[in-house]
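In what comes next, subunit A is part of two complexes: it sits with subunit B in the first one and with subunit C in the second one.
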Partner chain A sequence: MTWTSVPSIISALVLSLGAFAALSWDMQADPRRVALAYLVAYAFGISIPLGVLAWSMICDACGAVWFVPLRRVADGITACFPGMALLFLPVPLSLPLIYPWAHHVHGLKQGIDASHAGYLNPTAFTLRAIVCFAVWIGIAETMRSWSLTQERPDAPDRTSRRRALAAVGLLPVVLTVTCMAIDWYLSLDATWFSSVYGLLHLAGDGSAGIAAMVMVFAALSPRRGSPAGRLPSSVGAEHAHALGSLLFVSVMFWAYLSFMQFLIIWMADLPNEAGWYVVRLGGTWGWLGLIVLAAHFVVPFALLLSTSVKRRLAVLSGVAFLVLMAHYGDLYWQLVPAISPGGSSLRWCDVAALIAVLSGGAACGLWRARGLSPIPTHDPDLAEGLRYRSLR
Partner chain B sequence: MSMAGQHAADPLLIGTSDDAALTQRVLRPLWSPHPALGWLMIPAALGSLVFITALCYTFVTGIGVWGNNIPVGWAFAITNFVWWIGIGHAGTFISAILYLLQQEWRTSINRIAEAMTLFAVVNAGLFPIAHLGRPWFFYWLAPYPATMELWPQFRSSLTWDVAAISTYGTVSFLFWYLGLLPDLATARDTAPTRLRRRLYGLCALGWRGAASHWRSYRIAYLLLAGLATPLVVSVHSIVSLDFAVAKQPGWHSTIFPPYFVAGAIFSGFAMVLTLVIPLRALLRLQDVITMRHIDNMAKVLLATGSIVAYSYLLEPFTAWYSGDPYERYIQLVGRPAGPFAWVFWLTIVCNVLVPQVLWLRSLRRNLVALLIISLLVQLGMWSERFVIVVTSLQRGALPSSWSSYSPTLIDACLLFGSMSLFLFLFLVFVRFVPFIALSELKLLRRKEPVETQVSP
Partner chain C sequence: MTSSLLVEFASEEQLLAAALHMRALGYGDLEAYSPFPVAGLDAALGAPRSRIPLAVLIGALTGLAASYAIEWGATLDYPLRVGGFPLYSLPAFIPIMFETTILAGALTAFCAVVVRSGLLQWWHPLDDIAGFERSVIDRFFLTVPCDDPDGHTGMRCRTDLAACHPVRVVPVGQP
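For the complex of A and B:
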């Protein structure tokens, strides 16, 4: 059974539906907590295709040939966007449960003034979410279809178009991710704000995206006796090294922005800004914060300094898994204290929500990857991409 | 990471037959200098004299000769400082980060950019020292074992600045000089007179080009590139903290560190273009600094300019979103409609609108247009720092203390004088130092034979 066979797609779908059933049952006990658990899981799920989209656009815009053999892996992950758009639906439906501004009276009490309400209201929230998905799906699908067109031997070369779209499209992608970060996550806290939050979120998405690419790359790497649907053996240590370097850059960029945001807010010590950290650095949240710091930066940084870690796909995918877990922990640490400032343990609804979102997204990605070669066979840059040697 | 060769039309090096010809080609300006460079040195030297005179006048009289007042205690001096240190970022970005990213187009321009960085850091460092009022006590900023137990205030980002900039200056110098060693040795071996052979030989520190030399050199270069890379980010982040940790309206914003770093690389690349375009034409370097270099630099200008534009958008939005009346005032009224509104709008035009024309390939390859754009970007980046420094101090959180500000003649002399000093140092560099990384070009010629041996 290959990854994209019908039974594996159906099992992913059944898993997702089962998890949704469990969530709706749990919804009766504690609707706020379940809604928030779903938001955290969704934030984690959407960050993976977003991170992959951003990195593949950067690589295309810069003309990075080493990325070409991995293009189908990247396109395969960004092909999940339509499914992810469908999976977003529960979020706008549960707005009054978790967002202070959606609960009008409650929101005004927390100091939201009239002009603020012009930005944060259910209609505007939904409209902006539609624009975000339109941009992501539009760009990802266009780039994917141009790449797939090239599979036909007589097809025209779409490389320069793809590179142009990658460059031009980066600004709308960055702006929509910023908009998403402010609307979906930052506005959970009625009074907190931070101008770098969108960029910081993008850095987290970038780490998650590259980590996910490493893991898919490892899953598709050639093994004895199962050549069908796998990457050729010429895609190996050199490409793992390049991906490992991007993971290294991503975790550093995330740590840099996180620390700068913390330092600036901590030094100024203003009540409406520092309050966000006071909640998240005290009690059990403080411990989770330290674990996230270690797993999202300190440990991956120390490991990825080594060339041999970056070149061994099995070890690198272990680091990638750690970063992915840490990214979920980071989102949990950022979002859950908004309704449970005193601390909260991981609940079954968190696990169910994670399964619902991830297997739902995966089902979409696997369905769309049916019958596709794992490398872009007719891409004009493929030969050069396979010859790539990293700096040692 | 590595460049796509297929879709970039221009080569990195045009039509050089062998290493000897390349050596002769690149070192020619050292042995038979272009007379125009000598003539240019005269106004640059006179301007530098103006700078030194204005500095001496300031030291003797006190910084009261500047336009600074209370509350505008930081004005031209800090604006100039941030502007120069920003310009100094392109050098290390090109040398270190582009090296680690295997961007081979950096080779022809890295030496020029590194030298530019050093001279920009020299200029930048002078302004805070002059601003001390009693510059002879500047060493008090360093943590040294003083008998009076005088110790810097480590909680102030201004003391972090001292450490960040002196580290940056030191590493940039080491990186520049290390890269220069093989070329100084080539200059020693090809110099026409005995005196020059002696002088270049002294500077080459005994480089013989042995395999063991090259091995150590490669390792040291890679390590220094790794060390210099975080510095590119840290220096301007710390400069931004001079503002961001304070509670002054318009300064306290968490996006400042990445925004300042992007702005620094933006202005630095603009300065590289400003220097390279005339130099390339004057010394006929078109075969070494090709249109591919120019085009790539223009693209970096566009990318960093767009990041700066993103920050310009996020700052007023966050001010509005925060609901803080002082932040809202400075971002939505104080800057766009306040006393220096014209400087604010000049910034927007130069930094946001002008670089966006670089989406057009034809403009990226139009040297006159690029030179004008790069000058406008530098004007815009100076204006940006002026707006940040002066308007926020003028319109603080205590409206009874709001004031006006106007610079003096000495302020103007210091700004234009520092530009002259920069130009003077750069011209001296071009006259006496191999300003194109010759040994790396030779390596490049072997690496990319298909691309490099295209006849002109």
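For the complex of A and C:
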């Protein structure tokens, strides 16, 4: 019983390395744009394990038994964190290229005074990133290892410990995600600020994480002639319904926070705040913003109102794919205008960066899922989780 | 003459199993009472799909449209320029539209449930049965209509129910 095979791991790794080679070639032409393309792709890549980690902790803290059959899927995605930490390395190395506060040459340090410099400097940035990764990897690995110890038939029950860690760990996860959002994304515009920005990012991460879980669930769901390594047929419409409801909640939460941030800034209409939106709501950026609004909220919201969409895994994974695309579009819309205020088309380096990050992260996840069963076979709550029926 | 039997169970699993069992034997129009929603009970009772979600959707959309019309109408009738914004400022309308959508949807849901569950009746035959109040505390009840031409209060029905491990079986008075 395995999820993965050696050829798939190797091909993911080769794909990632090839994309990195293409990026380093493109780096000679337009280093700023390539560095930013990598940041956007990385923001998208890291949002998936972060969203899954947050949802998996919420489900554990609530004692949601329906989540138990999907726990290995969630742990499989959060197992990508060490690989994602490695893939983060190009970001601190390219700080002066894209962050105005790290830029000393071209006099772009406008609006940055001594009080900013104490927080926004390369050393502090790197130290904070290390703390963030330490928290995420520490929590994800501890929870995963407690779940994996239960694979041994005589192992002690770790459910209550997992639950306690999930409840206690949620606060550090929210704080580190806020720190990440401010450092990595918001500081591209060193004079702009928004107090909800970190939580807004977490909402986007939550949508992406659940969408990714739906797609992995669909990929692992049993088919005719069911080969080994797939989920049992008792994990089906009921669990899809529950995941679909979480996706529904996620897109609404994202839309709510996005709109509230916009509304408050739009009403106050102060130059240093509204400028961020003036750039992003004009011209081609405005059109991208509307597309993101439609694909990240309006269409998924309307579709997910229906019970039958949530219960059909094939349809639900289509909605999930749309949300994932929209999440990438959202990050692109937020980050790229920082260096191309007039508009920017999708470039080859964006695609290459996306392939580099996603297949690199996937290689780590596939490697670590070797030899594992797709469900936590010996989890004491598994039987109850498989019997789960959602209320209609 | 149609009479029905009230059956009391100690757990939701027994209620669910009994509903499935009785339906398999051909009994229709089953009704269940439980202190909390039991997953899968609607399907076990053979209840048709609830139309309440549709009513809530219509109510919510009505609330949305109504507040939009009020806000836009008020802007046209009493043009008041605030903070240099255009008169037609959609973002400022949205919080109210959102709130009225939720309010109208929630009120529709509340009223639909009250009406459809028969909560407006002052009295129901089940109210006369001592111990039925535990249906909102810790017991699970099923009513089974038993057509009984002989006048004996559902002997066959009682025999069929005995297989479901009920706490007790009580005949329900005529309304």
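We take it that the second predicted complex is superposed on the first by the 382 of 392 C-alpha atoms of A that agree within 3 Å, B and C clash if a C-alpha of one lies under 4 Å from a C-alpha of the other, contacts with A are read in each partner's own complex, and residues count from 1 in each chain.
By definition in this document, a residue touches a chain if its C-beta (ideal position, glycine included) is under 8 Å from a C-beta of that chain, and two chains touch if they have at least 3 such contacts.
Keep in mind that what you see is a predicted model, and the values were worked out from it rather than measured.
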| item | value |
| --- | --- |
| Clash or fit, subunit B versus subunit C on superposed subunit A | clash |
| Touched partner set for A:384, first subunit B, second subunit C, both or neither | first |
| Partner chain in contact with A:160 - subunit B first, subunit C second, else both or neither | first |
| Partner chain in contact with A:193 - subunit B first, subunit C second, else both or neither | first |
| In the superposition, subunit B vs subunit C on subunit A residues touched | B |
| Partner chain in contact with A:261 - subunit B first, subunit C second, else both or neither | first |
| Interface residues of subunit A shared between complexes with subunit B and subunit C | 263, 267, 388, 390-391 |
| Contacting residues of subunit B [partner subunit A, same complex] | 1-8, 100, 102, 233, 237, 241, 244-247, 252-258, 306, 310-311, 313-315, 317-318, 320-324, 359 |
| Parts of subunit A lying in touch with subunit C, wherever the complex brings them together | 259, 262-263, 266-267, 269, 305, 307, 388-392 |
| Touch list for subunit C against partner subunit A, complex | 37, 39-40, 42, 53, 57, 83-85, 91-92, 94-95 |
| For the subunit A and subunit B complex, residues of the former touching the latter | 59, 62-66, 111-113, 115-116, 119, 159-160, 163, 168, 170-171, 174-175, 178, 182, 191, 193-199, 242, 245, 256-257, 260-261, 263-265, 267-268, 270, 272, 380-381, 384, 388, 390-391 |
